[in-house]
Structures are given as structure tokens and as C-alpha cells.
Amino acid sequence: MEFSLTEEQEFFKKTVTDTIDRMVVPKAREIDEKDEFPWELWRQFGKLGYLGLRYPEEVGGMNADPVTAMIFYEQIARGSVGFAQSVIMNILMGTYFIYRFGSDEIKARCLYPAIKGEKIGTMCFTEDQSGSDLSATRTTAVKEGGEWVINGTKMWITNGPIADMATVLATTDPKLGAKGLNFFLVEKGTPGFSAGQVLDKLGCRGTVTGELVFDNVRLPGENLLGEEVNKGTEYLGEILDEVRVMTAAMALGIAQAAFDEGLEYARKRVAFGKSIGSYQLIRAKFADMATEMEASRLMIYYSAWRIKEKLSSRKEAAMTKMFATETCLKVVDEVTRIWGANGFAREYDPQRHFRDARFLLYGGGTHEIIKDFLGRMIIGKS
Amino acid sequence: MNIVVLAKHVPDAEALIEIKGTGEKLEIEQKFAVSLFDEFALEEALRIRERLGGRVKVITLGTGKAIEVLRTGIAMGVDEALLLDHEAFLGGDGYATALSLSRAIAKEACDLVLCGKQAVDDDRGEVGPMVAQFLGLPHVGSVVKVDIAEGRATAESLVEDGRVVVEVPLPAVLTTQKGLNEPRVPLVMGVMKAMKAQIPRATPEDLGLDPNQIGLAGSKVRIRRYLPPKKRSQVQFIAGDAPGAAAEAVRILIDVERVI
Amino acid sequence: MDRVLIFVETKGDEVKKGSLELLSEARKLAQTGRFAIEAVVIGKVAPSLREAISLYAEKVVHIVDPLLDAYTPEGYSLALADYARTSQPRMILAGATQVGRDFLPRVAVLLECGIASDVTAANWLDNPVTLVRPVYGGKVLTEVVCEESPFLVLTRPNTFDITSPGEKTGEVVERHASLPAGSVKTRMLRREEKPKGKVDLTEADIIVTGGRGLKAPENFTILEDFAAVIGGTVGATRSVVDAKWRDQEDQVGKSGKTVSPKLYIAAGVSGAIHHIMGMDTSKVVLAINRDPNAIIFNYATYGIVGDLFEVVPAMTAELKKRLGRG
């Protein structure tokens, strides 16, 4: 077992941390306050090349392995969750199926520009009536001649209203449940495809999240992203674990941002003549937070390593997502407590981390679903 | 244009520093960075290369993680790197350090040497001018603007009461000050290149140096012990509303402290 | 008897503060009978100024040469090193000014000797002389010694007291440096000076610094008015310099200037560590901030919790009354 990051990964971590500190951290508060997509920052990131993180060098990417990718996800979430969500959606979910199954023309039109930051991609699963339960997907895809006709509405889509391309989950037959799911590429400008309501969120502000409407959208055959029909669930399985571990990495990033604020405050804030970091109860809080964050970090790297080695990772990824999220929620809560009244002020950052962390409760799967799934896996079907 | 940049590996500005025992040594949190002023040197070297062509080489004296400074330089775009990697190089005063670095530079045909005006750990500011003297070159310190043309550098320095503009023929040494430029953030492609880079190292022997001439052994000034800075006693708050506190403050400053 | 050379830096018709401090220290050393003090001036220096300096030292050596008319690090270092080889001093002292820190390291290489830059305390009578200089931006102090001779010391301005000189003038000797042709390659093109009367931060006795609490660049006039009444210089924190409200030259802090005035007033400054490191050796610090928990109060002698927009003008008015400056 090799427990340390390689020297190259350490250097990558250091460089990314520094890049985020210089480019993202100073803008984080403004992104949250204005709740506007930071286009300039997005363009700068496109130029730096991070948007191609997971794709091969030949297409302008970095070919980073999952462990290295987790380093990036953690750091960018630490910088600004509002910005991170958009970036990460584009790096992985919003482009993966195009990379995996798209024709050369589709890749040229969609993937390569997305890697450069010239276009924005998104993935659409969630609907009004289906979040965790994908088999309840109601967006339909009907084959008519050589074309597919898509009808339905998607909700809670990160980057949705500003996306140039959407990978849409649709069913050929609702009665087939999970066995009828497919991914389709829908590009902006396609008749019938429009952005609906933009959501006003508690946290992750800056990312534009909203509704997408598909009204008799006609797509050519090649826009079915998949080798065969109705294999969507299987294809999703290719990245599901990574998406969960990635969410865990974001959770760790948010926790780290909050933790660092808590640490600085504990060292500098004085009460009754001593820095509050000298008091046992405060020390205990840091001991607990640091321990759980360390455990989260190890689980993230371990799960990412399993994905990299192509070992089974469904169980580990689910556990990691849950544990890291619970840790993050505890840390952001504790830090606002440590900050006292200042933790309640919009002027400072702890409240932003507190609000941002809430998305973790449903992003990548709700914990209730994950627990049920894990429990069933461990005990076996009875 | 062949440009050499000297960059130092220093503790991060936020790293915790503790004096151990009765001051014999320091315990420093293991968080590092490129010395702030050296970043301006790296960036300027790259900008000059962009304008005039040539090669940029970055040299660092240090062991262990010091190599990260060179990787950062490569990530930013420098062409070559060299690590003076040997214990004998370490712990030197300005003189011993400048001697080692100038020998490493002397092996190159170089038109310009850039380095930060001072390292943010030792705060000596000696190595730049000393390297220039060892190499027999002119130098300009605390540069905030550089123009290179026809084998000459026109440099603007920040001085106490304004600015001075001088001209030196190349080759020359310039030490860099904040305000010269905004260091770039490396592209991912640069980071990948840096991650894979095989970086050459030099020992004292490679540079024709005796271990006695360099590092701690070759230092003429030595640190006898570390001391904490003078501790200020707790602040005295001046109470009252604005006019009242203002009047009281004036009284204290003029009559009690006698600083006005 | 040990010979001590003091490089005296002059500007126009004035001797720089750091040099006056060293000349004052040197007089004390001369009075012990163990040291022979020589003040060295280089380049264009008015005879009246040389004589004024000679009140402090038994001998003033004025090194001249056409190549020394303008300051260059090469010219000055060659000239001083050459004289040092002749006079064989035990130590050479200079103020740790831009000029001092620029050329004395070259002298050290020419003489193959040790140098301590930016010294903030010294025990001249110890053997070896113990010197204290800050590192890590002042977070830690180091006690350093140099066992070889000669050695060079650059002392930070505002470290020693300036005393009035005696009445006896010392000897003034002119010496030609005879620098070889081509030995000075630097050419001074021009000098751009700040408006007269503005004391540089590193030499100021009184500094008034403003931070983000000033809210807008125009509001700095409140501090300028205040500083004008007490003869202070206005400084700025890194955040207001980065926001381009004030010039880089005005920045106090780790990446700006390190200052050591008698009185430092921080208005609307939170007290970020890099700022503290630039001013922590100030004798008296008064902080004005509306946040009672602002970190700056941990580094201040006196604190006023209040609105600087009320407190500072009130102080200005009060000072005008007290000092009779309307």
C-alpha cells in the first residue's frame, strides 16, 4: 500500500492551491453576493487548461488520473463553490458522454470548445418527480424515422440556463424504468429546447441552476450518446462512482475553507485575556474536525485509487460521499459556532461555507438513499 | 537573450515559527513557497524572452522540497533549471551563498541575471549585489521597470524619495521589487511538463568549490542565537466618545509619550 | 586602537538620518578612547557639509573622482573598498538605506569580509561585536557576530539616538579614488523625486497609515490634514495600494516598507500580519478602529474604538489648538 501522493501529485496540489488562492479566493465573496456567473474567471480558467483535466492530451486535456483529479476538485471547491460547481460539471458530467460516444463532428462542435472554456456543458437528470429514482424519469425520447423526439422538463440543472450543450437523460418507455434510459445530446439553438426558470439558491450562488424545457426537440440519430439503445443506466455506472467521490472532494474543500477560517479566528480572537484557541472545548472541536477531515481525505484518495485501478468501487464511493459530506456539515457548523456572533455576519466567510455545504445533502445522491443502498449491499437481499 | 533567474525556496508567509529552547534553533511549519520577490524575477525573465527571444534558466540553492521552486519555474515556462543540491551549500550567509550561486551562473553564457531584491526569510538583500560583484558585473537594485534594447538595460528603481532611472550594459544583474509585474499563474500544460521534468543537480565539486568555502562552513557572519521580538504590553484603550477620546489621545501623545 | 569607518550618506545639503545616528554612536565610541573614528563621504559633497560632519568625527575622508559624481554601486563600492584596504578599519558602518544596502554588499565581496544588513541593535563594546537583525519579516530576531576583521554593518534608520556633536571640528582630507576607466558601467539617466517636504516613510518620526476603513481614496485627505499638523508622513496598507488608492511607495508592510517611527498611527487598519511585520518596532502605536476586536489592537500601545471619520478630525482640531498651528 502506498499512502502518499507522488512527488508529481504534491507539486500539482501545491500549484493548484496557489492558483486558486490567487485567482478564485479573492473573487469568492463577490461571486456569492452577486449570484452572477463569473464569465471572466471562467474564460481565464479555460485558458489555463484545467477544464480538460480528465481528457487525453491529444484533445487538449491533462489526462489526469482520478486521484490527481480529486486534488483539483477539492481545491476549486475550497476557493468558491459557486464557481466550482460550474467548472466541475463541465469537466466531467457535462462532457463525459460526448467524449465517450460522440461522433467526430459532435466532438469538434462540442467537446473541444468545452475543454477550452469556449462552450459550457451540462448533464440533465433531475426532474420534478425524479431525483434519486432515475427509473421514474418522465422525459421521453421517441424514434421517428431517423430522428429522436425529446419531450420533458428537467429541474435543478447546474449550468442549465447558460449551457451550450446538454446531455439529457430520457426514457424510450417509462414502463421499462431503469432499463429504458438513454443519453441524448441537445445543443443550444435546437428548436424546442429552452431554458426555463432560474433558481434562487441558498448556497452555491454564482452557479446558474435552473429548469430546461424540451418541447418536441428533434435530434439526428447520432445525438444518441451510446452504442446501443436503452443502455443509459449501464453507461452512467461508468462515472457514477467518480461523481460521488468528486462530490466528497468538494465537501472536503468546503470543510477545509471553513476550517482554515476557524483556525485563524481561534488563534487571534481573544476572550478573558487569552486567545480562544487556549480553551479546552475549542481545542476539542479542532481535534474532532481535523480527525474527521483526515479520514475523509484518506477515503477520497482510496476510492479514487480504486477507480483508477479499475477495482470495484461502488461501495467505497458511496461511503466516501456520505462520510465526507457529514464531516463537512459538522465542520461548517462548528466553525460558525467558534466565530460566535461574527459567524452570523454576511460580511465574513463562515456563513457562506455554512450555506454552500447544504447542497451536498442531495448532490451525488441523498444520504437516505445511499444508506439504504449500502445497508442492502452489506446485509444482502432478504 | 540568455537569462538566469535566482529563486529561493522559503517558508510560506503564514508558516508558524517557534524559537526552540534558549534560542539555539527554530522550528518552522513545513509549508513552503517561492520567495515573493523572486516571483517577479521569474515573471520578468519570461516577459523579456517573449519580447526578445532567448532562453531562461532558473537556479535554486537548496535540498529536499526546494526542487519545487524549479518545478514552479518550469510550469511558468522557463527552459532549464538547476538545483544546487548538497548539504554543504546550506546555511550560508550572504557571502557564501552568493559565491555558490555566482559559480553556477559563471558556467553559463548569460546576458542578464534576475533575482528578488531580498529573500523573505533572511531579509538580507545581499546576494543580488554580491553575485554581481563576484561576476564582475554591474547591478541595479529594487527595479520596478525594465526595458532591454541593443545590449543595454534601462532600469527604474524605487528609492526612498522617488525613482531613479539608470542604464547598464549587458550582461548585468537586476534585483526585482514589487510593482515590476504581476506573476503569471501556470497553465496546466506547464504544470504537467514540470511534474515530469528531470531536473539536473550540481554539487560543490561540480562548481569547483571546496565545502569549506560555502554554506555554514564558509560563512563570515554567523547566527549565535534566535530571540523573540520585543513583546508589546497589552493595549490601553482610550475611552470616551469621539471628541473626548481624541482629546485624551492628543494629551497622552504630547504630554505623556512626548512623541509629538 | 580600532579604526571605525562610517560611510556618511548625504543628500543635497543634509546628512541622512541613519548616518547621523551612526555618527552619534561613533562619538560615544571615540570617547572610550579605544576607537578612532573616520567619516567617509563619497562624490559630490559641499565643503560646508564636510565640516559639519567633522564635528562628529576626528577625520573626514572625502573620496572624489569624476566617476563618483553620480551614485553608482560599482563606483562607490570600489572607492570605499579601496580606502578600506589603505586604512585597515576593524569595522565599516553605514545606514541600511537604499544606497547603503545597494553597494555595501559589493564592498564585502571586494574585501572578502562579512556584512550584517539591517541591524536593529548593536553592542559595539562586545568582542566580537554583537549585532541583532530581524528575519522572517521581524517575526524572529537573530543575534549575529562576525569574528573576522574588517566587517560591515548596515543599521536600520531610527535605531539609535542622534546627539548633538561637539564643537571641535575634525580633519577633512580629500582623496582621489583614481578609478580605472571603464570600471563604472552604470549610467544615471534621471531622478524623479517626490514633492519636497515629504519625509520618506523609512526615516519618518511620525507615520499615519490608512487602510480599507477609509472606504474611498478621497477620504485619505483626512489623514493628510492630520499628518500635516504633526509633521507626519502618510502610509498605506497593502489592500489600499492594491486597490490603487495610494502608491506602492506609500505601502507599509512586508512587501512594502519596514518602518520604525517614534509614533505610528493606524486608522481604519485591521492589522493583517504582513502589515504588522512592517511596523511592529514603532515606539508608540495608536490604533483607531470601530471594531474592538480588530487585530491591530494586539499590536498597539493605545487604542481608540470609534469611527475614524469622527476621531481623526477631532484629533486634528485638538492638535491645532495645542500646537498653535491653525
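A, B and C are the chain letters, set down in written order, and residue numbers restart from 1 in every chain.
Operating definition for what follows: a contact is a pair of C-beta atoms (placed from the backbone, for glycine too) under 8 Å apart; a residue touches a chain by one contact, two chains touch by 3 or more.
All values derive from a computational prediction rather than experimental measurement.
Student: Of all the other chains, whose mean CA position lies farthest from subunit A?
Tutor: Looking at centroid distances, C is the chain farthest away.
Student: Highest contact-pair count belongs to which two chains?
Tutor: The largest set of C-beta contacts joins the chains B-C.
Student: Per-chain Cα mean versus the mean over all protein Cα atoms: which chain has them closest together?
Tutor: Located nearest the centre of all protein C-alpha atoms is chain B.
Student: Cα centroid separation between subunit A and subunit C, in whole Å?
Tutor: 54
Student: Any idea how many Å lie between the Cα centroids of subunit A and subunit B?
Tutor: Between these chains, centre-to-centre, one finds 40 Å.
Student: Between subunit B and subunit C, what's the gap in Å when you average each chain's C-alpha atoms?
Tutor: Their C-alpha centroids are separated by 21 Å.
Student: Mind pulling the residue numbers of subunit C that touch at least two other chains?
Tutor: Expected reply: 298.
Student: Using the touch rule from the top, collect the residues of subunit C that touch subunit B in their complex.
Tutor: Residues 11, 72-74, 77, 97-99, 101-103, 105-106, 108-110, 113-118, 130, 132-148, 151, 184-194, 198, 200, 202-203, 205-206, 230, 248-249, 254-256, 262-263, 273-274, 280-281, 283-287, 297-307, 310-312, 314-315, 317-319, 322-323 of subunit C touch subunit B in their complex.
Student: Can you tell me which positions in subunit B touch subunit C when the two form their complex?
Tutor: Contact set of subunit B toward subunit C: 11, 13-14, 17, 19, 23, 26, 36, 93-95, 98, 120-130, 132-134, 138-142, 144, 154, 157-169, 172, 178-179, 219-230, 232-233, 235-238, 241-243, 245-247, 249-250, 252-254, 257, 259-260.
Student: Would you tell me which residues of subunit A are touching subunit C in their complex?
Tutor: Residues 268-270 of subunit A touch subunit C in their complex.
Student: Considering only the defined contacts, which subunit C positions touch subunit A in the complex?
Tutor: Interface residues on the subunit C side: 293, 295, 298.
Student: State the interface residues of subunit B toward subunit A in the complex, per the touch definition above.
Tutor: Touch list, subunit B to subunit A: 33, 68, 71-72, 75, 185-189, 191-192, 194-196.
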